[in-house]
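Each of the next two complexes has subunit A plus one other chain: subunit B in the first, subunit C in the second.
So, the complex of A and B:
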């Protein structure tokens, strides 16, 4: 059985169900990276591109962990995952960075994925991979459709998984989705940011778990309608051409206008160029609406971020949200 | 009576308050790297100052080592320092709109509107302008930290000092000394540049409205106070217990929580012999450092493990132990 390694980093935190279901349908063994130990980042003797964000550095560490365990590393060249807009340009370079870092020790499957092209970009992408693995069109089609169903189900369940499972189990497909729990009198706090900032413990330090511990029910951008987000963003004076940036700004604008959200937290990567711009923009948006105050917090994440620092800020923020909610109730 | 304990990075503050939140006794100590000893000494000082017998109805802990303080003495309320500081100020000055707090290594800004905290920020990447840097520079110039600020007021020709980074600030100060500038002028310049650094880094994008309250240990520094007033063009109010506000807030929160029975272990904790023990857990990839607090040969608190393997087991056995004690008494 062919062993395909999927690094647990970057867009794993969006497409893992799709990717893994597809490979399993085609009879591959899927191996997920699991680098262990404190400071596994520092131990790798890789010349990191120092201007890179932490999630990108983690990608390298995760691939290095897989190199000796698998036949093939699955590192697609993600150019676009949106009909019209593009990913951060660094994603295009990821397969090359990984090839360089792994020194050709494993085959790197780097098929490009561009959602802007053709009628059926996922179909074309999965066909290219399936053929590379030696399968015929019919089997590939069945596998790719099955995988789409798995992904759709997962996306539908995501809010419940975020609110009901420990962070390490959110993307563990063996764990069933818990029933919806909506404890009354709770705070509803929206967490926005790139998915890997939210769900990767090594980046976001489990902000989700901390917020839940403080009595928050979590709202996420994934539960919003993509069309609604696009519509909201298109009202802005300038076009945002990164799909992730659109998602974050759009979600922030939507959550800001909703009465059932008590606060919004933005998780930004310290060295992310997109986040740097979004952060300033969001600050202005939230400041401009000071009267209909909905508390807004930016947490900046990098390898120097400490759990304690995050906890202090989040605790204080939740206190503010709670005061605001009480004030509204009066 | 209520006990408020604020254990910061450099100093420990302990206050004893009455039912009207009036400060009966207080202690302000340098940790000297031994927070446990500092907390114990603080309690001893309070006992001595109060003179009369003390009966504690509730205890609140805050500051970056609030959890340690809570484990040590038994606290009814454990609160982040942002909320604690705000709570302390609101009664002193109900209309406060901005709180500037500069401590040993932390600096923060808290924005209030209509008696409610609506926003805050803490320093992230830079500790320029905080107490420990001023301490260092005072020592280097051979001036006691108490006189440091006063010297700045005597300046007639403020020197411009590079304030973006403390290391460069020091370099620049040395250079200005070598050029023959007066010490007073250099100190005044340093105060100016540190205030600018604070306003650019910590309070960037926040609307600073009067009344502005300035507190934390650095509020004792007249030079910084004056520089803030010059820079903001606003009157800066320094409350009488400016260096104890966190502890006062914690005591106040403990009073408001109205514990039916306080968790306080008693004033005798000041004389107990405490030690700590730590080990690295190898249960999973997290390799947490698990800490144990030991008093009288027994583990009295356990923390640090993300998964709760040790702390949960400890808490369970402790609770069962207490139940057993209770049932024996019953």
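So, the complex of A and C:
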């Protein structure tokens, strides 16, 4: 059986269900990398993305972890995952950097994925991969349709998983989605940011868990209507062309206008070009609308961020949100 | 109405020429200084591109001087350049500054025009018929001046590497550019070029010297603006290095307009060369940085200096790959990451060490 390695980094935190279901359907064994934890920076490996954001560095570390355990590394070249908008330009060079870093120890599957092209971009992408693995069109089609269903179900369940499962289980497909969330929390806090900032413990230090512990119910951009987000963002003076950027700005603007949200936390990666720019924008938008009293917190994440430090800031923030909520009720 | 524009490289010379010729009031932002940078830094954060901060500082200073209309050339995906204006606008508004913002879209298409519709309507009220009718001529004058600036700057690159008295070329270049700045008509510009070439020619040169040859690659504003790169070009020149670069205002304008055969062919050549290491167009100058390095190595250059602002997205990718290119080809590449805290001493030291190494290599291998 062919072993396909999927690094647990970057867009794993959005497409893992889709990718893994597809490969399993085609009879491959899917191997996922282990969490890298502390100390990965010491390794010479990271040199290739030395000056990059943490999520990119982690990508290299995860691939190096996998390279000896698999035949093929799945590192698609993600150009765009949206009909009109694109990914961060760094994603375009990822397979090349991985090839250099792993030095040809494993085959790298670097098929480009550009959702702006053609009628059926996922179909074309899955066909290219399936054919590379030696399957025929019919089997590939069945597998890719099945995988889409898995992904759709996962996305529908995501909010419940975020609120009901421990962070390491959110993307563990063997864990069933809990039934409707227990109404444990009494505060509604929205978390926005790139998915890997939210769900990767090595980046976000489990902010989700911390917030839940503090009695928060978590709202995420995925719980909003994508169309609504898009419409909101299009009212700005300039079209934002990164899909992740649109999601962040749009979700922030929508959450800002809602009374059932008590606070918004933006998880940004240090040295992330997109976050750095959007952060300045959001900061001023929230400042301008102070009357609405929705506290806004930006947490900047890098390899030196400590769990302790994050917890302290989050606690203080949650206190502020609680105060705001009490005032509202009065 | 008083228009203003960023103060990058020699851009103010030709932007000013356009406004002047069309009879539009303008304010040239004060030369980029410590204060400019401090202003830019204060109102943004450390991971925002250095060019963004300098341009923001320019605008704040120009608005303080009474400018009320900002003209900025827009850009598009995939990099941050295309969204500078979105964020700079909210920052300026937050500072309580009043201005009108005109983005010249990189491509004239419907969505771009629609987004600019209100601004255009406003603008029509302010401009007289004369302003509008002379505008094409003004653009032509601006273009001519830009080409003239570049011609003089390119000449200075050659002279500087051979000058006998260090610093002389720079002085003469400034004098030549000042003369050009004053020229008002097409013919006057021609005269200013001849005059400028004469001025630069008067610099004492050591004609027998065989200077090292180094190409500067990297993010375009960083390569083109001496304030952003802390005078890397001049420093290298004064260490006796003949510098080459492919980033000029003309080359980038031609590219965004999609014209200029020669220019396009050169870019394509670099792009093709980069494909060996980078399987896709990453955007901005990333591929060119890599491709140009590879081809410069083949052309017998002594080394490449790669410039990138701190946290620059495409150039971060480029620097990782350049590291490998340099090892594979045995070709010296120096990557300089520029940020706001830069002290000039560090850059000078790094460049000196790099040039010493190049010298040593040349003596050993030739």
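As a convention for this text, the second predicted complex is superposed on the first by the 319 of 330 C-alpha atoms of A that agree within 3 Å, B and C clash if a C-alpha of one lies under 4 Å from a C-alpha of the other, contacts with A are read in each partner's own complex, and residues count from 1 in each chain.
Methods note: a contact is a pair of C-beta atoms (placed from the backbone, for glycine too) under 8 Å apart; a residue touches a chain by one contact, two chains touch by 3 or more.
The structure displayed is predicted, hence computed values, not measured ones.
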item	value
Simultaneous placement of subunit C and subunit B on subunit A, clash or fit	fit
A:137 touches, of subunit B and subunit C: first, second, both or neither?	neither
Partner chain(s) touched by A:35 [first = subunit B, second = subunit C, both, neither]	first
Partner chain in contact with A:308 - subunit B first, subunit C second, else both or neither	first
Touched partner set for A:272, first subunit B, second subunit C, both or neither	second
Contacts of A:95 with subunit B and subunit C, given as first, second, both or neither	second
First, second, both or neither for A:319, with subunit B first and subunit C second	first
Touching partner for A:327 - first (subunit B), second (subunit C), both, neither	first
Larger contact residue set on subunit A - subunit B or subunit C	C
CA minimum distance (subunit B, subunit C), superposed complexes, angstrom	6
Contact residues common to both interfaces of subunit A (with subunit B and with subunit C)	280, 287
Subunit A to subunit B touching residues, read off their complex	34-38, 40, 280, 283, 287, 290, 293, 295-296, 300, 304, 308-309, 311-313, 315-317, 319-320, 323-324, 327
Residues of subunit C defined as touching subunit A within the complex	44-49, 52, 76-80, 82-83, 85-87, 89-91, 93-94, 103, 111, 115, 277-284, 286, 311-314, 316-317, 319-321, 323-324, 337
Complex contacts: residues of subunit A adjacent to subunit C	47-52, 77, 79, 86, 88-90, 92-93, 95-97, 100, 110, 112, 236-242, 270-277, 279-281, 284-285, 287-288
Touching residues on subunit B, where the partner in the complex is subunit A	64, 79-83, 113-114, 116-120, 122, 124-125, 205, 207, 284-287
